[in-house]
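Here come two complexes built around chain A, the first alongside chain B, the second alongside chain C.
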Partner chain A sequence: MNDLITLLILLALGYVFGQIAEKRHYKSIIKRERILRKLPVIAAKFPPAYRIPPNSFLVMGSVVISVDYFKRFIASLRNIIGGRVTSYELLIDRARREAILRMKEQAQQLGGTMVFNVKLETASISKGRKQTIGSVEVLAYGTALVKH
Partner chain B sequence: MERHWLNIENTPLEYSNPEIPEGINTTPVHPLKEFIVLAGGVLLLIAVAAIILILLAEFIALRIPFEVEQELVRPYEERLQSDKQYRNIEDYLNQLAGKLARVQDLPENMRIQVHYADNASVNAMATLAGHIFIFRGLLEKLPNENALAMVLAHEVAHIKLRHPIMGLGKGVVIGLAASTVAGLSGRTMAGNVLGEAGLLTILNFTREQEHDADMAALEALYKHYGHIAGAKDLFIVFQRLPESKQTGPEFLMSHPQLEERMAHINALAKERGWSSNATTTPLPALITNILDN
Partner chain C sequence: MLLTNLELVPGKRITKHLGLVQGSSVRAKHVGRDLMAGLKNIFGGELKGYTELLQESREEALNRMTQQAEAIGATAILNIRFSTSSIAQGAAELFAYGTAVVLE
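Up next, the complex of A and B:
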């Protein structure tokens, strides 16, 4: 019974704070994406051909987001039944977009005109450890071109 | 929308930056809806699985010979022996239980052993291998031998109907299933709670079993005394118990609501024409004396 009460409290806390954090984060992501939209970010391996070779820098953005208890609980139920883990989809979506934004922000600070060869990597922080709240890291990196 | 011309590997590419609509990489489901569907579905699955397991366990338990039950309990039997000073009470209780077992046609190999427990709880219980426990708290409240006989006959009926071994079978199967689920789900909180949901389904005896025991006890009571005044007196005792005690003790917890039980008893008595207004047999001085001390 005590377990059940603890669980319900954790679920409620996870839900309330998780939802607030998610809403806020998406608001910020959408706003910043709009601002940085004019900076092209492409996945092509090679840069465009320039008559005057530009400078290039490695730019990267990484973010670590923790899953809340509520999402984790839903995901563990999903593990039993199978299907889309919708609660994690949102989490990873936020992390990817945030990482790309941070990378773009870095490129902009360096005066970059575009970022090419963009790659994303995902790592879970608490790999293999049970009973811990899992966090996910997403790293976005690419090569920024800065014209002379 | 801004447009850029990129020349990549000698291939001209147009790059534009449209605003990408939200919700491409996510599924628009309200998290609470998802939660209710998932938790409800999983709980339903567990309930169905538990019911199937319980039915199977009971089916098998009924086929376990009583001797195996006795063998199971043998290592603990020494601990069941009570104080010498209560031998007299237990002899008397065993005699009475013996008579009630005979009128219930208890099979020869089922030996009933009644134990007296010097404890204030208003309780009595039947357990494996024919062991019955009567607590001082209950004995003190009984007005006469007939009411005591109703209690004993009820517990004897549980043993005759093999309810304790069915309960054990249920417990083992559910416990096993729960720990398997908890193990499979990686001992997460969800696993623990799933396990507990399984445990919640086990009560000592089911309402149905209590009902069957009541009916068998009533018949035994009638066969032994020629009337069922004891049943009426016993339920009067239960009714007078404060609310807290009505739900607290084990004897009552898994039992159907008192009114419902009484209604069933009255219905059976009416159908068979069994009277509950008759002179009762008092408890022997041996019992009342010890209780008074």
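Up next, the complex of A and C:
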């Protein structure tokens, strides 16, 4: 009985705070994406030929985000019936967009006009009980081109 | 030292290839951070402690790679790649590698 009560409390806490954190995060992501829209991020390997060659710098951004208790519970239920695991989809989406934004912010600080050859890397750094994914790390890196 | 993950440097010619250089760093997190992470696992959100920890160790991996490149007389490292692997519960390895070259 006690276990059930603890579980319900954890689920409620996870749901409420998780939803708030997610909403707030998406709001800030959308706001910053709008500001940084002028700085294109390109996955192509070779930059265009310039008459005056720009300087290049390595830029990167990374973030570690954890999923809340409620969503992890839902995801474990999903494992039984199968199908899309929306809670993890949203977690990874948030992490990727945040990492790219941080990389762009670094590029902007250096005075870059675009970021080339962007690579994204995802790693789950801590695994919980039964190898469930607790938190995910996303790293975005690329080469910022800075015109003289 | 010029670091880039492109395969060339715009406007500069490569005069000499010096081969692969690499740097790695294995870090573990301390108990306090683990405790905070445990709380965050309930509420969700960014684990700032981990983000910083991984950033620091990635920089250390980059530094080690740069030192190695300097030792063999390179002026730039091209085509840099990063990779992360969790080798044990609570420890992560950050690895950086690239091609050391001499630019004209």
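Observations on the model:
We adopt the following convention: the second predicted complex is superposed on the first by the 141 of 148 C-alpha atoms of A that agree within 3 Å, B and C clash if a C-alpha of one lies under 4 Å from a C-alpha of the other, contacts with A are read in each partner's own complex, and residues count from 1 in each chain.
Heads up, the rule we're going with is that a contact is a pair of C-beta atoms (placed from the backbone, for glycine too) under 8 Å apart; a residue touches a chain by one contact, two chains touch by 3 or more.
Computed from a predicted model, the values in this text were never measured in an experiment.
If you put the two complexes together on chain A, you find that chain B and chain C both fit without a clash. Residue contacts after overlaying the shared chain place A:L90 against chain B, while chain C stays out of touching range. Legend: residue contacts after superposition of the two complexes on their common chain; A:Q108 is shown touching neither chain B nor chain C. Once chain A of one complex is fitted onto chain A of the other, the partner contacts of A:R78 are limited to chain B, with no touch recorded for chain C.
Once chain A of one complex is fitted onto chain A of the other, the partner contacts of A:L10 extend to both chain B and chain C. Once chain A of one complex is fitted onto chain A of the other, the partner contacts of A:P47 extend to both chain B and chain C.
Using the contact criterion defined above for the overlaid structures, shared-chain residue A:R34 touches chain B, although it does not reach chain C.
Put simply, chain B and chain C get as close as 12 Å, counting only Cα atoms, in the superposed view. Overlap of the chain B and chain C interfaces on chain A: residues 10, 46-47, 49, 71. Interface of chain A with chain C (complex): residues 10, 13-14, 17-18, 21-22, 25, 45-47, 49-50, 52-54, 56-58, 60, 62-69, 71-72, 98, 116-117, 119, 121, 123-128, 134-135, 137, 139, 141-143, 145.
Chain contact summary for the complex, chain A toward chain B: residues 1, 3-4, 6-7, 10, 15, 19, 26, 30, 34, 37-38, 40, 42, 44, 46-49, 70-71, 73-74, 76-81, 84, 86-87, 89-90, 92-93, 96, 114, 130-131.
Chain contact summary for the complex, chain B toward chain A: residues 2, 4, 6-10, 15, 17, 19, 22, 25-27, 29, 31-32, 34-35, 38-39, 41-42, 185-193, 196. The part of chain C that touches chain A in the complex is made up of residues 2-12, 37, 40-47, 50-51, 54-55, 58, 80-86, 89-90, 92.
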